[in-house]
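Think of it as A, B and C in the order they're written, each chain with its own count starting at 1.
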Amino acid sequence: MTGREPTPVQMERLHQRSRRFTRPGFLIQLALLACLIAGPLVMPSFRVMDLVAKIMIFAVAVASFDIILGYTGIISFAHGMFFGLGAYSVALICHYSQPVQYHHLLLAGVLAALISTVVAVVISALSLRVKAIFFAMVTLAVAEFCHILGYQWSSLTKGEDGVSFKLPGVFSADWSGGALWGTQINGRLLVYYLILVVCALLFVGLVRFVRSPVGRVLKAIRDNEQRATALGYRVFRYRVLSTVFGSLVSSLCGALFAMWLSYVNPDTVLGTPLMLNILLMVIIGGLGTVYGGILGAAFIKIAETWLPDLQKLALSLFPKMELMHRLAERWILLFGILYILSVLFFPKGVVGTLRDQAEARRLRRLGRP
Amino acid sequence: MPEAILSLAGVHTHIGQHHILQGVSLEAIRGRATVLLGRNGAGKSTTLRTVMGLTPASAGSIVFDGQAVEKARPHAVARAGVGFVPEDQAVLRGLTVEENFRLAMLQESPEAWAKMETIFELFADLKKFWRAKAGVLSGGQKQMLAIARAFVGDHKLLLIDEPSKGLAPIVVDHLIASLNQLKRHTTIILVEQNFHMASQVGSDYFILDDGRVVHAGLMEALVDDEGLKQKYLGIA
Amino acid sequence: MDLAPDAGQAGRRWAARLAAVSIWLLPLLAIDPTTYLVLTVAGLAMGMLLFLTAAGLTVIFGLMDVLNLAHGAFFAWGAYAGFAVLNALNGLGWVETGTLGQGILSVLLALLAALAIGGVLGLFLERVIIQRVYGDHLKQILITMGASMVLAEVIKVLWSPNNQTVLVPLSFTGSYDIMDVVINKFRVVAIVVGLAVYAGVMAVMQKTKLGIIIRAGVENREVVQTLGYNINRIFTGVFMAGAALAAVGGSMWGIFREQITPAMGDENLIFALIVVIIGGMGSVTGSFLGACMVGLAFNYVAYLVPKLALGANILIMVVILFIKPWGLMGREQ
């Protein structure tokens, strides 16, 4: 016990840490953040701002899904439901509080977190103990139940019509605070920045979670459950923890989403299409990458925005073919096929594939002295 | 001239990333009992499983009865005439003893049922428990059932993986007697850690270590070769 | 409980039985007997149709270790196939205006068409998609989910995204009136068909060589292979049979409800999953019991508190998971 020389592992860690602020990944993140902040001021287009806000929200929702699916290997079909629980928390509290005030938003956030935690704990305690696949089945059933509840508990949720509501104070759609460098400062813009701040924080939280000791244990469990058990980890507890954490973040994303739209209804925040969208995004972005969520969300949301134009184009190109028209109307069909093909042939997604390539390059460099 | 019913030449097997068999070559002579020896993890079970096609060979050739079977799927290997008794006595516990046998008979022919007479002579308990669920049998009886089940399937070669594992000495003696009876009907490859049993049943032996055959010869010679046994089998 | 594991086991078994019986009898406290009988028949009919889907789902899961989320899509396709056949036959005057014989024949043809389309879709799905993902639960679930979505969308392209009304032969509509207990005729048909299918499946599983192979495969696939059976072919066959049963269930559902929608597959899948969880994955008898429980509970609750009907089933599932985590007849693994 003479010196305190760092072990090779510690050396590697120190080295990585010293490069933390110069890695290309970090620079890209910084640039992205700068664009998101400056975007609405430089280019005041509502359509773009709307798209970007939704991408941010979904990027975080997808990344939190990735914690459950990609890092823990658990399939939850309730991620959309938790999103919806968060959305309805905000919508109902703001709708029923007259006049709506800032603390109501806080209350809604806390309520969303609380409800989703309780529900996630109950579901996982019941079904994760048995077999991971049970969880998929149970969440599917419970999520469908919530979707139907959204329709049928109309005294509270207003059923199919949905709930529209006003946000408090400066976040309200009617609020206006003059102009800054030629850009109208209004409620929408402030909600956009609120979403940006919360999403950035949540995203950093997710990345930290994955890199924390807990995240490493989760990966060990996913890769070899028996070994992790043999090493003395309480697999069940870690799984519950990860599921609850991911679901909690999802509900907060839902809360932001409701704030952005000032409106919720069962189909948009509780229905199967939402869940399918999240699945598609996580597959395209890449499982087990967290960052893949950003790409997946951007790809799908942009595609969704431009698809109507593409459809019109397709229709004008083939004016006579009725079947073609019907196919073009059913863009979920196209997404579904894309999704199956990605699971089969592109299972690592964009980010996963890029990482593999980078890793292969690094190994090749190391191989050549 | 002795004729090989099964011959492996330079067989390699990978399981996932692991390179388990690293060039196994061995032969089993028709009508004789061949024993595979070696310490735990040497690759004995993997050799049998590779012959069956359960962990397919990544390189090398396996010839059974004149047919190349290294690419064949398990059911095809079985239909070619190889019976398999896996390490964990895979009797189907939820099926009755009768159903276990019916499953083993690809054709429920009169000849197959005639063979059952031989089996009942060797393993009288199986007749007693004919309609019972296999799950209620004792460990020894399960092992008998697994072996008898492979035998009834009309195979030219039986691969039997550590039948004595976990059985009481008296049951092992019964097993030895039964296998010596079976030898008269079929060729056997036996994986065995119990040297007593191996020496009582086997005529030829191969010793595996680290996924390779490191020694081979006649059982009679090995019984007296204390040096070899010490080196590879840890038997003093 | 650790000291007396057997007592705990027995206790759980009795608790499960108690739950099953109370679902059946408790509603009598709140519903008058005549209505109760009507609801019971309706519940059993619904249970039988659920069983047709759940049977395939549970056997496919037990044997192939595949959770097939596209199973509901077979149900919907069966319904649309039956609908198309009845429509075509109505053009010949067989359905709405035909004789009794023509009516029965057209329903049989509709069920046959469903059987065929289910088999073909099952063959296609198993061979083209599922065979690539054996052994990988994650991919299976993701990909069968995608297949389910695509199949539902194709229905919308081929027919329409909206509801369709199914034409039903006169002889199958209407009801029997037995001492004030009004029983819809088709419900009787559904119960008879369901019982027949259950008896048939059980006979195949218990008495035939194929049944032995399937039960053996549920227990240990490797052994079945090393005994000389091509497990892939058995997988394909079982998958097709399961898909065909679900499709027949769907087409009966369509005739029963006289309404079909592209989303009916998803709904049915949810019910079937609940049934399979309650009954225990891999067990046909468990599915049969689970389907009866779910069908009965749904109808009793729908009568008492209409909006809680699905919720009641979720509750039953939760209770069963609580007392027997592997389901009524499931084997611990």
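Throughout what follows, a contact is a pair of C-beta atoms (placed from the backbone, for glycine too) under 8 Å apart; a residue touches a chain by one contact, two chains touch by 3 or more.
Since the structure is predicted, the reported quantities are computational estimates derived from the model, not experimental observations.
Asks: In terms of C-beta pairs in contact, which of A-C and B-C ranks higher?
Replies: Top pair by contacting C-beta pairs is A-C.
Asks: Closest chain to the overall C-alpha centroid, by per-chain C-alpha centroid: which is it?
Replies: That would be C.
Asks: Measuring centre to centre with CA averages, how many angstrom lie between subunit A and subunit B?
Replies: Result: the chain centres lie 54 Å from each other.
Asks: When the C-alpha atoms of subunit A and subunit C are each averaged to a single point, how far apart are the two points in Å?
Replies: 34
Asks: Please work out the Cα centroid separation of subunit B and subunit C, and write it as a whole number of Å.
Replies: 43
Asks: Once bound in the complex, which stretches of subunit B touch subunit C?
Replies: 52, 54, 73-79, 84, 86, 90, 92-95, 99, 102-104, 106, 108, 149, 153
Asks: Per the contact definition, I'd like the list of subunit C residues that touch subunit B in the complex.
Replies: 209, 212-213, 215-216, 218-220, 222-231
Asks: Please give the residue numbers of subunit C that touch subunit A in the complex, ascending.
Replies: That would be residues 67, 69, 129, 132-133, 137-139, 141-143, 145-147, 149-150, 153-154, 156-157, 266-267, 269-270, 273-274, 276-277, 307, 310-311, 314, 317-318, 321-322, 325-326, 333 of subunit C.
Asks: Considering the complex alone, what residue numbers of subunit A touch subunit C?
Replies: Of all residues in subunit A, those touching subunit C are 69, 73, 75, 126-127, 129-134, 136-138, 140-142, 144-145, 148-149, 152-153, 272, 276, 279, 283, 323, 326-327, 330, 332-333, 335-337, 339-340, 343-344, 347.
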